[in-house]
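To start, the structure under review is shown below, and the notes come after it.
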């Protein structure tokens, strides 16, 4: 059972010790790299164990920190949804740590990089595992602050520092909004625990905290609006998207992969927790109205983001900026699916989170190989490199084809699910997916055409950096394998997870069982 | 009267939040943006602390005055809610950490550009579309 | 006058709205049940953290994980600052060299008063941290007070004096890492005896020879004190490096 | 090990005074903290342990405190009040020699001068102080010294030298 509680603690303890360790080894890069691999590797093992445990049990796993059960203490409550995303997160973080070493060979400060990197991983895992709304706030901040600093990693480049500044400013506004929302929740419900909140929303009492103390409907409306705004900022949905196209390209490529593949998921995941676990199922008419309005807004903003991201992709000359706009597009898809509030919508969102994380990380990493080689992010500068780096080009091809939704690759299947889920709601929403995909395809093909068939500017001698390309190859194979076994994965992993998340009574019941002896 | 003062305080805090959001969005000076952000964070914290306050007299801080069971019931009757305070301490430290990082970034921007005016920095940002150096 | 009008409008709006909503506001005279639970149980009872300071017992015991990761947020912020201001070994040596125009800090009066004040600040900050489980205050507050001592020395004597006498950025970072590892260690010790992470009672003794130490709370406060003090000191030392040196390192001219 | 005990004593007194209680817990932690602070800071604060712990000097310090607060301060206040009312003043900066050797004595003299109304030390070098004086009667350094700081120096020498 300890593995549940230990999972985010492992990377953060590794991060705590790294400054001391790097002083002891006098900043030897190889040893620091090995240390980072041990840290992320141990975390991966722990998460894998957790994943097995969760999928072999019917109920969500609970870890009570300091033996205090909810609502008096903080608990980690892990269901299959969290565990699946956590597995993808830990796996990608491990692979990207291998990739980073070669990518940062010309830069100083590897020890700081890995300290922040491990902190980022701890934050991401904490967000996924926690069962407490305030702890979610803290973990989002752990994730964010590491991300802000990593965006500004190239500290002597003005655009990086400025992007980091902008990201930090907007991010801080967002998290403070969420903190205010938590204040509202505590004020009305007298608790900040997810299970407890959910029980009160659905009209039943909880040990210790009893029944709600304030006006539930007004508080829910204001708090949900504030929280959703915060999550929209974190996930870069359209009116709040403007930091992302600057921040994600400005970071080193491995960090861009982490940011675009994993960190943006924080917003989606948190919204799923609120809309499906706390405010899921049957509600009183007033609350149902509040949640209904909110869902509609989320769906509309998601649709706008998808179209906007796809259109903006076509006017970019910076490769990483293009990919960043694609992230906005995919976040739009996810919010559309999350807003639906149906089982199919949740399944589609979950499968798309997984697929998008892997494919987008692969795309950034593959693009990073080229950027590392020529030292420029401009598409034209990358012209003609494709033939010299076959593995990276193959990976780039797989990633782009997958992300636009070409059949044998993984994203096609999640897009299919998304399409079906949205068809239940309306045809127009479903068409958003198709149209934006087609627009994105044009943008990707233009890039790909230049990289593969364009004329090289100068005759640069390049060799493919093996450690980086091999990571890309591994991820490309993962994309293909997930694509080929998609029906099986949906059947075995996605559907059980979605079913479990929708069953909020089970989520409450596990905690209630533990808390029933409290006075 | 007390209810009126209470309502005024809360509304004033909400007004402060609005003004600080305006400051974050519209002020061209990066340092002023940071100041507006700290005001925003602190106002949010104050609002949450006020949630735990009790409009009674006398009102006590949440620290047991004597270690005896007899004092406990009297203490529970007068003490304010400790949980919002604990949450706010956490939020204060987090807010301070973020502010430290932002201040450091502003200093670095000033070193690189010699200005903290966002419009001038925007003009001088290396034009990425022209093929910025990696 | 131009600035006065918006102010008056805002004030009038506030008071007008306040008049309107005041009767509808629920009177806030009762505790929420969860808050009452903490007040009743923090020292007495079977769900006790053995500390009369309820806020500290929530911070480091009932909701300890929050505080653990809050410390990590602060840690990452400081590491982020170090990342942005990072120096390699050569630049570090450059930053430690006194510039030619350096004359040795403020006058004698300030220097000798600073010496005495620093001793008093160290004592006071330790008192704040060590009584965190009994009175308001604790590790973070004590650590912040602790960091004032090096800050004063930097102001009165210069950062070079601090570095010559052994407190440079590396040492401050070591102090910080030790503090954080101590916190992690105290959090993980209960696992050895079959408890939960961050468990306090009954694994740590609440009293040592009749003196109330509130189990793990005093250890957390002590380590947090070191960690925060070290972290702030590292940032202050970085900020005290003359701008000229940084501009040379970054290659941006005057 | 120079200066550990006097510094520890200062830290301990501060610790207990700040804590405001003398339960065994406070005393034990106080001793530990004081020893730590003493070991850390002692060698910078104190040059000579015997001098710092000499009770005669401490008695002189107490006498000085009483004399300063009751006599010197009152005298200076009255003087300034009279000058304010009558408008009889002639401000200026004069150079005054310092006749004490050690750093602490200089600090004490300078701070004493600054703290009494009518005189402010604006700068200090090895031999001279520069005093902003409300009524400059003389620019001769030796005479000015007699008027401004002779008493303070006498006590400072007894306490610190």
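First chain written, first letter: the chains are A, B, C and D, and each begins at residue 1.
In this section, a contact is a pair of C-beta atoms (placed from the backbone, for glycine too) under 8 Å apart; a residue touches a chain by one contact, two chains touch by 3 or more.
Small disclaimer: the values here were computed from a predicted structure and weren't measured.
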Selected interface, C-D versus B-C, where C-beta contact pairs are more numerous: B-C
For chain A paired with chain D, centre-to-centre distance based on mean C-alpha positions, whole Å: 63
Chain B-chain D separation of Cα centroids, rounded to whole Å: 42
Chain centre separation (chain B, chain C; CA means) in Å: 17
Averaged-CA centre spacing for the pair chain D and chain C, given as whole angstrom: 33
Two or more partner chains touched - positions in chain C: 30, 32, 34, 38, 63, 66, 70, 73, 76-77, 80-81, 84-85, 212, 250
Residues of chain A touching at least two other chains: 134, 138, 141, 145, 148-149, 152, 155-156, 161, 186
Touching chain combinations (by label order): A-B, A-C, B-C, C-D
List of chain C residues in touch with chain B within their complex: 10, 13-15, 17-19, 21-23, 25, 27-32, 34-36, 38-40, 42-44, 52-55, 58-59, 63, 66-67, 70-71, 73-74, 76-78, 80-81, 84-85, 135-136, 140, 212, 235, 239, 243, 246-247, 250, 252
Footprint of chain C on chain A - complex, ascending: 2, 5-6, 8-9, 12-13, 15-17, 19-20, 23, 27, 63-68, 71-74, 108-109, 112-113, 115-116, 119, 122-123, 126, 134-135, 138-139, 141-142, 145-146, 148-150, 152-153, 155-156, 161, 186, 190-191, 208-210, 213-214, 518
Residue ranges of chain C in contact with chain A within the complex: 26, 30, 32-34, 37-38, 47, 61-66, 69-70, 72-73, 75-77, 79-86, 88-89, 170, 173-174, 176-178, 180-181, 184, 187-188, 191, 195-200, 250-251
Parts of chain B lying in touch with chain A, wherever the complex brings them together: 21, 24, 30, 33-34, 37, 40-41, 44-45, 47-48, 51, 83-84, 87, 90-91, 94-95, 97-99, 101-102, 105-106, 108-109, 112-113, 121, 124-126, 128-134
Residue ranges of chain A in contact with chain B within the complex: 134, 137-138, 141, 144-145, 148-149, 152, 155-159, 161-162, 164-165, 168-169, 171-173, 175-176, 179-180, 182-183, 186-187, 192, 249, 316-318, 321, 371, 374-378, 380-381
